[in-house]
Every structure is written in C-alpha cells, then in structure tokens.
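Going by the order they are written in, the chains are A, B, C and D; count residues from 1 in each one.
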Amino acid sequence: MPGNTFGSLFRVTTFGESHGPALGCILDGCPPNIPLEPNDIQQELDRRKPGQSAIVTQRKEKDAVQILSGVFEGKTTGSPITLLIPNEDQKPKDYDHLEHAFRPSHADYTWQVKYGRRDHRGGGRASARETAARVAAGAIAKKLLSSQNIHIQAFVSQVGHLSLTQAYHQLDLSSTESNEVRCPDPILAAQMIDLIKTVRKEGDTVGGIVAAVIKGCPPGLGEPVFDKLHADLGKAMLSINAAKGFEYGSGFEGVAMRGSQHNDRFLPGNLPIQTQTNHDGGIQGGISNGMDIYFRVAFKPVATLLRPQESVDAQGNRVIVPGKGRHDPCVVPRAVPIVEAMAALVLADHWLRLRTLG
Amino acid sequence: MPGNTFGSLFRVTTFGESHGPALGCILDGCPPNIPLEPNDIQQELDRRKPGQSAIVTQRKEKDAVQILSGVFEGKTTGSPITLLIPNEDQKPKDYDHLEHAFRPSHADYTWQVKYGRRDHRGGGRASARETAARVAAGAIAKKLLSSQNIHIQAFVSQVGHLSLTQAYHQLDLSSTESNEVRCPDPILAAQMIDLIKTVRKEGDTVGGIVAAVIKGCPPGLGEPVFDKLHADLGKAMLSINAAKGFEYGSGFEGVAMRGSQHNDRFLPGNLPIQTQTNHDGGIQGGISNGMDIYFRVAFKPVATLLRPQESVDAQGNRVIVPGKGRHDPCVVPRAVPIVEAMAALVLADHWLRLRTLG
Amino acid sequence: MPGNTFGSLFRVTTFGESHGPALGCILDGCPPNIPLEPNDIQQELDRRKPGQSAIVTQRKEKDAVQILSGVFEGKTTGSPITLLIPNEDQKPKDYDHLEHAFRPSHADYTWQVKYGRRDHRGGGRASARETAARVAAGAIAKKLLSSQNIHIQAFVSQVGHLSLTQAYHQLDLSSTESNEVRCPDPILAAQMIDLIKTVRKEGDTVGGIVAAVIKGCPPGLGEPVFDKLHADLGKAMLSINAAKGFEYGSGFEGVAMRGSQHNDRFLPGNLPIQTQTNHDGGIQGGISNGMDIYFRVAFKPVATLLRPQESVDAQGNRVIVPGKGRHDPCVVPRAVPIVEAMAALVLADHWLRLRTLG
Amino acid sequence: MPGNTFGSLFRVTTFGESHGPALGCILDGCPPNIPLEPNDIQQELDRRKPGQSAIVTQRKEKDAVQILSGVFEGKTTGSPITLLIPNEDQKPKDYDHLEHAFRPSHADYTWQVKYGRRDHRGGGRASARETAARVAAGAIAKKLLSSQNIHIQAFVSQVGHLSLTQAYHQLDLSSTESNEVRCPDPILAAQMIDLIKTVRKEGDTVGGIVAAVIKGCPPGLGEPVFDKLHADLGKAMLSINAAKGFEYGSGFEGVAMRGSQHNDRFLPGNLPIQTQTNHDGGIQGGISNGMDIYFRVAFKPVATLLRPQESVDAQGNRVIVPGKGRHDPCVVPRAVPIVEAMAALVLADHWLRLRTLG
C-alpha cells in the first residue's frame, strides 16, 4: 500500500518532486459549501516558502498555487480539490554531483536500495519541498476548523540549546509571526536568529523544537483504540522531514511524576467539564476532552552542510560530497506552518469521523 | 472510519472489553505456511499477563489463548487468524461506584461524551487489558520476522527519576527478563523495584520509559512520504495506553547537536553499507537503512490510585472516587512485551509492503 | 491487502472455516445506542441455516450466535461487535478423499495454487458456510436501517428455466417466506420446489436468480465516482459464493431501449421529487434518488454433485471425485437472506458516509 | 470516506470537472522501473477521445496528457504518477439552461440533494468526461500487465437489439478497432453504425453491451472472500457511467444450466492445469485459474437527448429541458477503452496483492 496519502475521511494525497515540473495534492473528502479562495491557501504557502528571510534557504520559489478542481463559484463542491504548485527555480544541474554519491543522513541511500534508482535532483520526492503540498491542503483544513472555532498555533520553542522556559500560556503567541524565527519570546528569538546565522557561517546546521497549541477543540475527537488523537498527531508530525520525536501534554517529563501529581482533577461546576491542571494535554484515552491540546516536535539538524563530507557511492567506494546546494541552516522556522498544517489535517479528519456518530 | 484496526497489509483488528466475556483479535494478511502453535502466542501473553510478579496488578487472569481460525495442521493458511482470550477474573461489581463518576485522567469522561454512554466496568474497552490482544497478534508478527532474522527487544530504561545512563549497546539486553521490572542493569533494576514498591505503599503510581532495539532489519522498510517507518512506529507506540511521547535515534537530545556532529557518515568498504554513528536510529528518509533501529516511549504514571480522589459526575457534581480497584503501580514492566508486539506489527506490515516492489 | 473485510465506515471482517471450531465476524463502526439482542441476529441466521427444509443441505448446524463484545445492557456501545458461531456438525473425515483431488468448478485448485496449501475439509474458508457470518453482521445493519425506515426484501425470481414474469410491484412480497423456495408467487414456487427435488434425485444441481427491493432509502446514498451505490451493491452481491452476474433497474434488458423510453421523467409537484418510471432502479449517477432500489443476482448451479466426476490432482493425474458430501441442490432459497444481508451492509455503510456531509 | 479512489495497492484517484480547467489523476503504487512515455498514455486516450468519428460526440478535445510527477528519465520511480489533461473545448455557457433544471436520468438531482449544490456545467464531475482520467491511469496498468504477458481486449457485442451470436473465441478480435463501433464482426458492425446514425437523426439514443476477454492471466489473482476477482471487476465496470449490469463466464444464462453441464472438467495431463470448458470464466472461488477471463457489461441508452424533455426544478416546478448539448448517441464504442482501462486497474492491483504472498 503506497504511502503518499494521509487521512481517512479528510484525505490528502501529495505528489511531485523537488525538481520536476510541479508538485501538489488532491484533497478528497472536504465537505461542500466551504468558502475557498486561492488566497486562503497562498497565505499559508507564503509562510513556508523559501527565500522569505535571511535565515532560510535562498531557493527562489513563488509557490503560487492553482486550484484545478473541486471549487465552483468560490465554494467547495464536495468533489476532490486539486492544488498545483509549479516549480520555477529548478536547478537540476546543481545536483549532477549527487548522481553517484549518497549524502550522509539523507534519504539518498535508502531510496536507492528500496527502488533500485532515484531522482537524485535535490532529493526528488524525498525533499522537504514536498511539504508545500501539505501546507496547501492544511490551509483548507484550517478553513474547515476555523468555521468550528478550532484554532491551531505553532511556534519555535527551541533552537540548538536555546529553549523557552515558559509554559505556553505564559507567552503571547500572537507575537510568533513578528520575528523570522517564529519564537514568541522576542529576546530569545533574537538569540536564536544569531545562533542560526553563526551556525550557517560555519557551514553547519542546528536542530530545534516546534511546539503547538490547539484551542477550541470540542470533546470527542479521536478514535479508540489505535487511532487515538495523539497517536494520529504523532504520526502526522513524525512524517515531517527531519522530525525525530513527539510528545504531548506532560510528555517525557511526566514520567518522573507521581500519579497523584499528574492526574488532572475535574472541577465541579458548570458544564462543559474543565480540569484544574492539564498534564493530559487535552486528550484522555485518546479522545479530546475540551481542554487545550498541546504537543512538541523535535527536529534534527539539517543534513545538508556547506562543507565537504566523506561518503560512499553505490559500490561502497569512498567519495566526497561537496558543500553546496541551497538549504536551510535550521528547519524549525519554516516547520511552524508545516506543523500547523499537519495538525489541521488530523483534526479535520477526526472531526469528520466524529460526525459519523450522528 | 472505526479505529480498532492497525496495519495495511498485515492487519489486526482487536475487540473486547475488560469485563466482557472475552477479548481477542483477527489478524488478516498473515502469509501462509508459517508454523504456528498456540504456545508461540501464549509465551508472549504470559509476559504481559497480570499477577505475574509482586510489582504488577493482582488481577488473576490466565490469558489462555485459543486459535479459532486460519491455522491448519500447525501452519498458517493465509486466511484470517482469530485469537480468543476469555476473561476469567471479572469483578464487574467492583466498578459499580464508577457508573456515575469520572475517574481523573482516565477515559471515562471522554468516552461518555463521545458515545453518550460507556461500559464503566474497569474501563470497558478503554482498559489496558485490550493490549493482550495486541500482544497475541504481535506474537505472530514476531514469528514472521524471526524467519527473516529480524529481532525486537524492548526493556525498561527509566522508572520515575531512575534512568539508565548507558547506551543500549553497552548493556546486556539478554538479562532484561531476569528481573521483575525488565531493566537490563541489575543494580538499577533493584532500585526501580524498590521505588515501585514504595510508591505502591503510598497508594500512588509512577511513570517510566520503555526503550526498544530492532536488529536485523534489512534496508528498504518504510514508505514515503506519510508512512515513514518511524512515523508508523510512533503511531503504534502512542496508541498504547498511557503513552505520552516517542523519539527515535538521537530524539529530543539531537536537536541541540550540529549537523556536522549528527550526520552518520557512510563507511567505505564492503556492502551492505554501514554508518559510523547511528544518530538516525537506523532510519533515513523514513526508510530503514540496515543499521539498528532504536526508539524510546514515555509512559505517564497510572491514573488509578489507591487513594480517594475528588472528581465529578456527568452533571458536574462533586463526587469522591474511592481508592480501590486492581491496577499496576507502574505500567512499564508489563509494557515491555506490548512495545515489542506493536513494533513487530509495524515491521511485519512494512515487510509485506516492501514485497509489493518485487 | 487482505480481502476479508467489507465496508469503509460500517465495516465487517469475517473469519472461520467450514470445519474449524467456529466462524464469525467483527463489525466495527456500528453507531452506539442501537438496541441489539442476540435474537435479532438469530432470526436472520435461522433463515440461512442448513437443514431448515427438504430442499436444502442436511448438514445439522444450530448456528447459535454469541455476542462477545460491543454490546452492553442491550445496546451497542460504539465498540467492535464480535459475533461467534460455533461449528457443531463438523465431519472433517468426510473430506479425506478431497485432500488430493480438485473438485470441478470449486475453489480447490485456485486456493492450492495461490497459497501453496489449503484446508480441504469442506472447502475450508472458501465454503459458503462463511456467509453465516455475513448474515449475522447484516442483521445488525438491518437494525440500523430499520430505525431509518429503510427495508430490504429479497426473493427468488428464477430457478433453472422457471422464472417470474411479473414486475416486483405486481407481487405480494410479504408471502415470500411462506414457502421453502422463497418465491412470492405460490404457483411458481411449487414448480420450483418440484424442479429442485427432481434435480436432486438425479444427483444434479440447478442455478437461479435472487431479486431484491429496497424501500425507504432516502436520496443521497452513494459516492461518486468509483463508489457508486450500485457499484458497491454489485461488488457485494458478486462476492457471494456462486454469483455470476448483477444488474439493477432495467439491467441487461435496458440496452435494447431508446433513451426516450428509458429516461425516468421527474414529476412536477410535491417534494420529495418522484419519477414516473423507474428504469434507473432508484439510483442516478451512482446516488440514490429516493425511489425503490431494485436489482437481480444470478447464481450458477452448485458445483458439488451427487455423482462421480472426473478430475485431476495437483500433479495433473486423473482422479475420480466421488458423488458425496452434504450440499444444496440449488443455492437460491438460502441465498435470499444472504443477499439481504449484503445489501444491508452496503446501505449502512453509505448511510454513515452520507452523515459525514453533515 | 470519499469515493474518488480505486484500488488498494495500485491505486488511482481521479479529479476534475467536465468544464473546469483540467482533469486528471494520481496513480500511486506503481512499481518503479517500468518504461513509460507520454505516448503510451496518449494512444489510449485517443481511443476514448470525443470527435474521433461520425458516431460519437462532436466536442473537440485533444485530451493531450502531461506527466507531472513519478517518471524520471523515461521510467517510473515508484513515486506517485500525476497525469494532467487540460480541458480545451469548454462551453460552460451552453449549460446555463441547466442551472435550475434537472435533466431526466442524469445525476443532476441526486448531486443537488447530496451536496446542496452542484457544478451544473456539463454534469461537472458526474460527466463521463471523468473517464478520461481512468483511461490514462489504465494505460499505465496495461504497461505493467503486458510486461507479464497479460492482455485485455474489449469489444462491442451489442447495440440496441443488434447482438453478436458468436462466442468470443469464434471472432477475430484483432479486427475490433477496424470499424468505428468497435465490433469484431464487420457485417454486424455496419448494421450497428447504421442503427446509431438512425437513432441520432431521431434525436434519440440507444444502449449496448461491451464484452471483454483477458488472456494470459496467471492463476492466483483475486482475494477471498469479499475481494473476489470478479467482484472487483464487477465494481469497476459498474462504476463506469451508464453501466447497468455485469456478468462473467456463463453469467445470467448459466442459471438455467444443470451443475453437470456447467462444471468445468479439469483435464489430466501437463501442468498448468486446463479445463475442458470455461463456464467459470477463468475465475473459481474468486481467484483466477489461468483460463481466459471474460465478462460483459450492459450500458443503458445515453440520457441526454436532442429533444426537449419535461422535467422539474429544485422546487418541483415543471420545466422543459431543451434538446441541445454535445453527447454520444450510443456510449459503447467509446466505452471499449474505458472497460479495458478499468479491467487493467483491477488486474494490476490484484497482481500486486498476489506479490505480497511471496
């Protein structure tokens, strides 16, 4: 079973390679009669697109989206929505040196083994450029969710060793987009930007963490027993290029707590029921409980370096991968809209799944 | 779309409630002609079953498995394999006090909201007892994988604040099963057991971490772009009761590294290609690369306490949930075979998916 | 992808072999709070069970169903419903002669080639006994549908060359169950019964046709473009053992008509809109239009004969398959509840799918 | 679950409306390293395209296909293959008169009820123009199958009352494409063409039957119990616009036979095993047995007429649908490549499914 489709009822299939003519997606299962303009999608793509600031890759792509189907007179019809994003700044020649070399910690070797060949130009389909299609589909999911007053906000919480110390509710998340690194603490943001610039000057890269908060999610989303809401969120996040870990609510830190500390006490009083604390991260037994959902995603340092690296070719011979190619010194600023998009796809899918209960 | 099925080609659907007549599963897609005896399954169930030691729940269940279909003259036939595990030590009356109360940080409230009613006896289908069916199915996946020399070993790496400091290859994993807590470091294991006993005496519970290593996995398992091997492993692990986080390879710690440190250099020389380090955790671009796969799963402290807790009923009125019921003071010792089972289901599924490439 | 599961949102997976310990199914996706007693299922199984009359197989099976999960205090819970039907009258020794012979026009040869081995006892999983599990699941679908005033009625319209000449609305379908052959025309029914008895005396078998009418189906069921309602009905019917053809509405006869005759004119007047004729069989563009849905299913003569037949073994050597074994001389009387069950599963699935549109 | 996807392992999702900017599909799951040129697809599209002869619709569409992804240096890569077919001869204004009228026996009314609105221009997504995307995807399936020496040939066997009387093996199928109606009997073909021209002159339409033969299919394709090969073929065919019935092998005529006549005797001798007759149509127990597979598909007369027709609007008021619009007077000549494409998609899917058995 091929792996280019995500979701069960709100279902996106992405296609396209980094240096092919275009990439895009089909979104099937979107309910009819949702207002949708190209700009709803474009503004999310603009948050992800390359070249948007000094700390991201300088590949020039407008990432201008076209709607090919499924929208009629400004509204969705219930038919598959096809989104097309032509590639413009392809420089496939830039990748000739990679035809016979496997970049370290990239997908070059594994794709070669799996498929017997690969499109070596910029990673082909394994390129993070594929996530543009996810952001485009996620923009439609966001439209659906915002009509239900469900809102998702992601932000950078760590770059290298520089980490937010505040809990998310102590931060002004509305300021996230006011700096290039998308960290809601402006002082830490400035330090993060400096770190990324320093790392890039060294021809190196650095990892980071993206956190996300979902507000307004009603109770009931998530399916026992395998399709728990956090399990689907986890899969969604881990499917993003360079992701290495996922935790929600108290996460890995929660393991050192006692149950008597960790349990979230239900508060007597008005319905809907609230909890005093929220270590469960808004999800109990895999189903949303109406509190804020929050989670964190770890991203490794980007594998492409501006330094020569030792490697091998398909025969196991030693080769040098030269330090060139356009890439991000740190993935997390551009990962913010991707994390939001994937979260939106998960929630839209589970929102439709809940509907089947009547 | 219902959420009781896991896997695409090697596909298990579980059923049953904690205090119903039985639980079990159908495993569909298992290739024919694999030798399979009930004891292959029983020995895995015995590792998970309640009452096996002093530090786990004292519910008495033999968890004796019956094979109802799909096996003929000691071998699989290619037809659905049905496994049945009758419940024996049901004490539904023990749960009458929960008919109108929501236990804190349990699934009681969310199931009630989602379905309009619930089987309140011991958590019904939300009970971790459901994982017996997963372990049973996973035992068959293990048979398939071991015929391919793929082996999975999980172990407890942390209980509360007590954590292994060694890397997995510095440990003698074969000693994991020699102590009740399933930690391969015998000194730390003794401390963990003491901690669990202390916590239980206090009527409290504690969290922990299960780590796992997969050896012998050939390169090529995992599907771009959404069904990356680690994304499916992550979903599998996060779907286990009480799981709060998942990381593989360098995980959350890797974010503070530089790319030049983190990248795993391919070693020139004999095929199959090896890497010098393994921060990628045996998975590159979502596809196994032939190195060891390793990951860690965080489990929160068990929500059931031997203390009275304040809570509410469906109308929001204050109630007291009394401190009774049989439960584990710490989930991780019994989670070890569950983590292995879910990992086996993921790998068996991707092994079949790889086969479709010819 | 294994083929033992039917449906997308209302999804049944069947298991079990003709001469194994039991057969049954898991039904996942059934909405909660539907009243369900074992007898709701048993009465449908009794319509299908062997030994019920002089013109069907004399295998003795009570087909007594057990509900193992998913029902609590007389109502569905939204969790998987597991139904178990123990086999009682197994006579596996009766099939020893088939271990090395392929019965003509049975599944013996194809299963042997596909799986490298087979459970030869009575056809194993290829036996029509598997349809008991479908009838059991279909009984639950019928409960769901009847709560929406959707009703399905199947009947025998042809046995051998003996065929109903009336349209379904000229018949009193309520009399279908009043005779052993389940044909609503009592005079033709008597002829059909005579024919089946004659054929059996000759050690032979005969084919037939089952027709079905669905009343009360609201407009809107069916999904463009591949999952058209009649396409899913067709697949459901063709998946029944011995089925050879499916047609709905005007069917094969409609091809000789002109469009001006065939088109169903919409009648002005009160909503919901009605059509003057119903050549479309209640389905337009793959979606129900609120008119009666009707279709017909062709069944070949049963392949098991009470006569010796020439055949071969796996090496291609000539063998004689002796004329023994319990079987039906004509499959259609017992196919009536199976056709209804499969139609109910299709409609329940599409009814849930329609719900996702809100 | 949306219905625009077909297949499980070899999986196509189509998109696009009759008068939108384009239609096309994503084919996911195609194995890597299959040679593929645009012309492989174009030649099949040319067989289906409008305006190709005097007896089909005069809409002018080049149906020129573009490959947007999944092919690199003339071979498939294993990544999703995206095919785009721009619409050129859109005349949406021609359909203004249909904005408030439901054409009889079209999908207008049912889509309006289901989705609350519809793209009324030429049927929007319900238009048979959607099948261009199926033919394009099917061309790739044919490439895969022909590399395995599996070949599919469809032909027109009936138009109106004019029907072939020969069995398929008595015909020279290689002459099918030598006449406009695609009937392999040239004398009958001439009569069919005359009939279609006459019917068109009368402003009317007529139905027909397409038959198909699959040669070279190895034994083993098809999955018990629901995904029988003929059940999936049946669904595939019934999902084509205007299809009303499906039968394989002896089909509806077989019901009047005795088992002793109908059973296909296995012939002693060389392997692979052959049968003397082939009433089973190459499929036993839902699995191919190595003999020719053959089946027939009934198509109703096209609903669009060149005559005014009475109908209603959404409020139930009487309206007149004028007799205009470009359409086919008989669908079967252009259905021939569509039937082949859908059959190819089914076989390619089951061929991959068989591979998972090893």
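What we mean here is this: contacts are C-beta pairs under 8 Å (C-beta built on N, C-alpha and C of every residue); 3 or more make two chains touch, one makes a residue touch a chain.
Worth saying up front: this structure is predicted, and the values here are computed from it rather than measured.
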Interface residue identity across copies subunit B, subunit C - same or different by half
same
Which of the two pairs, B-D or A-D, is linked by more C-beta contacts?
A-D
Distance between chain centroids, defined by C-alpha means - subunit B, subunit D (Å):
46
Between subunit A and subunit D, what's the gap in Å when you average each chain's C-alpha atoms?
39
Could you tell me which residues belong to subunit D and also touch two or more other chains?
1-2, 4-5, 8-9, 14, 29, 32, 78-79, 114-115, 125, 224, 353, 356-357
Within their complex, subunit D touches subunit B through residues 1, 9, 29, 31-32, 78-79, 224, 352-353, 355-358
Subunit D contact footprint on subunit A (complex, rising order)
1-2, 4-5, 8-9, 11, 13-17, 20-24, 26, 28-29, 32-33, 66, 68-70, 72, 75, 77-82, 84, 114-119, 124-125
Complex contacts: residues of subunit A adjacent to subunit B:
1-6, 8-9, 14, 102, 104-111, 113-115, 125-126, 130, 158, 160-161, 199, 203-209, 219-220, 222-228, 230-232, 234-236, 238-239, 241, 244-252, 254-271, 273, 275, 279-281, 283-289, 298-305, 307, 309-312, 315-318, 353-354, 356-357
